[in-house]
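Paired with chain B in one complex and with chain C in the other, chain A is shared by the two complexes that follow.
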Partner chain A sequence: MISASQHSQPISKRAPPARVSDQLFAAIPTAWLAIFFLAPLAFTVVYSFGNSLFGAVELGFTLKNYQTALSGFYLSTFLRTVQFAITASALCLAVAFPVAYFIARKAGRFRTLALVLILIPYFSSFLVRVMSWQILLARGGVFEGVLNFLHLHDGPLDLLDTKTAVFIGMVYAYLPIAIVPLFVVLDRMPPALLEASRDLGASRFQTFWAVTLPMARPGIATAVLLTAVPMLGEMVIPKLLGGSRGVLMGQAISSQYLQSQNYALGSAMAVLVLIAVAVVVAALARLTKGFAEVAA
Partner chain B sequence: MTQFAAEDLLDPPAYPDVGYALLADRIGAVMRSFDDVVFVQAEAVVALEAVAASLAKPGLKVLNVVTSMYGDYFATWLRRGGAVVENVVAEPGRPVDLAVFQAALDAMAEVDVVVLVHGEAANGVLNPLPEIAESAKARGALLVVDAVASIGAHQFEVQTLGIDIAVIGPQKGLGGPAGLSAISVSEAAWAKIAEEPALRLSTLSLLDLKEKWLDLGADALPGTPAPLEFWALDAALDRIDAEEDAIETVIERHQLAARATRAGLRALGVPPWIEDDGSASALVTAAPVPAGVEPQALVDASGGFEGAAISLGVGGVEHLLVRLNHTGIRAAYRPVLANVVAYGQALAALGQSVDIDAAIEAVARAYQDAEPVGSAE
Partner chain C sequence: MSVRMDGRQKRITDAGLTLWFGLAILFLFAPLAISMIYSFNLGVVGKQTSNFTGWTLEWYPAAWNDLALRRSVQTSLYVAFWAALIALGMGASLGYALVRHPSPSVRKWLSGLTYILLIVPEVVIGVSLLLFYAVTGIPLGAATLIAGITPAAIAVTALIVRARALTLDPKLEEAAADLGSTRLKTLWFIVLPQLLPAILAGGLMSYAFCFDNLVVAAFLTTPTVNTLPVYLYGSLQYGPAPSVYAAATVVFLFTVTLLGLAALCFQLSRRSGRAGVGGG
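Moving on to the complex of A and B:
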């Protein structure tokens, strides 16, 4: 205790004294997080080790819920969710990168307009945007008409309530938030670096592969973080476009809470999703590790 | 439904493979069961036969409560598989007498399984399930319950009562399709079913359902599932979940329909066939066929009354009672009132003395006094 205080003294001398108003300001979000995030999270973790009663949990310690959550249907739903999130996030990235690159490098004076056009859908309700896809993808809808007109498909098209519809919805919904961080890193990338690469004899592809892509790592990591993490818990899109049939974990957890009333199992499944999120965040932290030093 | 368009049922999309397990979970919640739930793609009587065929082993000792022909069927199916079945047969159209049941149970030196129909749509009986469950558990026997005609109308709690096998059909209290049924199976029941000689390679084999569906991750159902039935069950469960207290609201609506019907009958001057309210089904109310009245004439005379659904009792009680149906969407004020008035008018037409005005008032009062129950009228 004594040595700790001794160590802390020089630091406190250098740091400006914290004002009471600053501490108060900091206390508000801290309290908010503690009450509305940490406390429910703690309840979820505690419930996940309890015994389920219908619509209630008997507190205790059992691994039964995790055993159930990691077996049979629940395990396959969890794995399917992880697979969905990774694939949909990769698809988002694949579409977002060229778009962001074009806006950052080629759009010239139209870049602001392009960015505004990408962000405009965010001014409308998420629910409305997803529901509009129901109309587009429904049997007899616009998609079916266009594909039939182009002779790429013949007859009725049952896209709604399928995994494909969920993928389309996921990529559509999360594309803008993948484009923005990529745009930021690509926009800030010094053109001199790319020119130097070309001067040293690198082809366009080699320049992209050896310079642009590594330099864009923070943007890629942020884009993946902003897409894959919410996708792991996404419930609205699978429900509206996947037919509300427990396609993904979010829906399965919701069903355990609201329909099956098995709160303990739902909590264990939620904790598994949290662990998956933690793994994604750790992997992304590793991806960008040392970037600051390199950039400096 | 104002208009039925059969062509809308053509070319339905397949029920998604990932949906079956969630559907089973939801059915489990309706039954208050955390045990495995499997689907039998047929009407519930097939599910009952599947249970009997899968459980039956040479020498299996079963105490079987018979309060309708379904009890008889079950005994026959069990005996076909070599089980030794002791029947406790109730008076026609009456619930099993607990003392008689207990005496039969005590008389058996060894009992492996106790079988019971919870509620009888055939004659309006409600058997004393909690008491029988307690006695069966005290003897260490597996408890098999046919809850086809009680689910959604009475409290039915698999976990609390320790029911090992529960069979339900969605077509009655749950207002769902008739071509599908579900069975909740406990670990102990699975162990008994798996004992050799176990029934395999049969459409009646529960073990096949376990090994070919549950044990493979409860994804795609084996064979070609009927999408219409599963979509309909899904929609029926959605409708229940949309109620304020989900299944509890549905149960209360049936209970209210039964209370109102029974109050109406008493006001008519004709006591219900089963006088004890606690021993009567909330899906149908059995009303007596008075002496000197031809049962079919009574049903025919009530047939012209719009909205009423009155039919003969089934399984040897046709001459004793008629059934006033208030099942599913009929568990509402107007159908209940129509039933009581139609029964009263039919009796009056056949020369019986009844007070129809008092009956109407009694039904109306029962609904007036009750708390609003869900979305039904």
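Moving on to the complex of A and C:
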């Protein structure tokens, strides 16, 4: 047994083995991720500067791939992708915010149930759900029927293979991911703060605008991050719901690898997507300035 | 309560929010419901149609007897199991290091790495891995696919474990050390039991996540390693059979049952844990 006089010593004595385990906890995942995540990304960056031969790349330093990727069809695809991601992410946020607000403030003892309900569809096959949207949005389908029933639309509706269908699909797919961080931040907000605002004479709207919304900024930033970033690379939804006209970056990159076998151009396009992601992250970091412990 | 509370305005806002929530739930569940209903659709010449042509039960046995479909489910189960196990171990280790590594700069680097894992779009990871394996000459197979889908799952697990590790009381570990426990013993008997629910939750999330992975898997697939989502994606070209919907329905019910059981275990373990703490 250890006596009380030794009390201060054991920690310093045991410091070396503690450090070994701490280093291992950090080192093992880092090593794994260095091989299967960082190294592949580094390959992509290096190859984006190489000369393309069919199905192979001659390493070197040329900006030719970036020139191609930033001109004509490829440039318009890139710009369209950025525009889609920003718009769809904003739509997603607009739909998600009232839902998160309801769960955090109004659902009472049903809040856990409400959160579970939001997350359940997430555990079914993503692809099959998108395929089901094809059925829902088809001409003469359920969506058209509902709109007709509500007198919001009259007659047949061709939504499939349009931009609108892609937006519906994107908002649908990323809604749960947007709701969760918004819920977390609204849930943590002290009710006393809102009561204080009301007591000081602010209207409900003013309280929402001047207290709730600014306080929710970290949650909003996380929600935008978690939706806009994957949307920049989304390749399934545009293909299934948008048809052949509205090709986005994800499909364009994929076809450079799988069909055209132009790895160098594909790599340059992938790097462009990464740059767009970095811009989004930087913008969000500015939005949440002043908040400690924020994602990203 | 505020005196100025305008009752009528509040009621209207509340009703609006409730309605909005209801519509959101409807929106989220409509495709799920459709995919289940259409697994009973007769279809036309063995293909799924957007018009419901009549009820049938034939697609469930058809899915079971479809060898390629069944093999893809097996591959998915196998791949998701091993990927989740790796993500569980690596994620737990990373999540704990995120909180407890003695060096702040290492912690900062680790958290930067964790977030980067989540923000690189899947298509970029997919093509990068394809390139990486091609250049290094590693032949594609189940192992390369398993390794390739782990990074995002590791990040998710690490963040869940980190949230739990932040609430751990360091004094407990110090007390164990003071009483003569080695670091390894402290980790095993003090830290691990407290982190276990979070680690298991992370593992389950990873499992569901990896099972459903389509984009990365689409780039790393081979004729022998074909997961369910990749198989479905391929079948889209010819028009999918309703048996695909039947398989998806069965897999979904299986996953939800698994998660329900896990939630139940989690609840029970937490209750018994609390009782233990209260008793001791």
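To be clear about the criterion, the second predicted complex is superposed on the first by the 262 of 296 C-alpha atoms of A that agree within 3 Å, B and C clash if a C-alpha of one lies under 4 Å from a C-alpha of the other, contacts with A are read in each partner's own complex, and residues count from 1 in each chain.
In the analysis below, contacts are C-beta pairs under 8 Å (C-beta built on N, C-alpha and C of every residue); 3 or more make two chains touch, one makes a residue touch a chain.
All values reported here derive from a predicted model rather than from experimental measurement.
Superposition model on chain A: chain B and chain C are shown accommodated side by side without a clash. Legend: residue contacts after superposition of the two complexes on their common chain; A:A165 is shown touching neither chain B nor chain C. In the superposition on chain A, contact of A:A69 is made with neither chain B nor chain C. Between chain B and chain C, C touches the greater number of residues of chain A. Of the two partner chains, neither chain B nor chain C is touched by A:M189. Once chain A of one complex is fitted onto chain A of the other, the partner contacts of A:K106 are limited to chain C, with no touch recorded for chain B.
Here chain B and chain C sit at a least CA-CA distance of 8 Å once the structures share a frame through chain A.
Comparing which residues of chain A touch chain B with which touch chain C, the overlap comprises 258.
Contact residues of chain C toward chain A in the complex are 1-2, 4-6, 9-10, 13-14, 16-18, 20-21, 24-25, 27-32, 34-35, 38, 48, 50-51, 86, 90-91, 93-94, 96-97, 100-102, 106, 110, 113, 115, 117-132, 135, 147-148, 150-151, 154, 158, 174, 177-180, 182-184, 187, 208, 212, 214-215, 218-219, 228-229, 232-233, 236, 240, 244-245, 248, 251-252, 255-256, 259.
Of all residues in chain A, those touching chain B in their complex are 52-54, 72-73, 75-77, 80, 156, 158, 161, 242-243, 245-247, 252, 255-256, 258-262.
Taken together, the chain A residues at the contact with chain C in this complex read 1-2, 7, 10-11, 14, 17-19, 21-22, 24-26, 28-30, 32-33, 35-37, 39-41, 43-44, 47, 95, 98-99, 101-103, 106-107, 114, 117-118, 120-136, 138-142, 172, 175-176, 195, 198-199, 201, 204, 225-226, 229-230, 232-236, 240, 249-250, 253-254, 257-258, 263, 266-267, 270, 273-274, 277, 281, 295-296. If you check the complex, the residues on chain B that touch chain A are 11, 13, 15-16, 18-19, 21-22, 25-26, 28-29, 32, 34, 159, 214-215, 217-219, 234, 237, 241.
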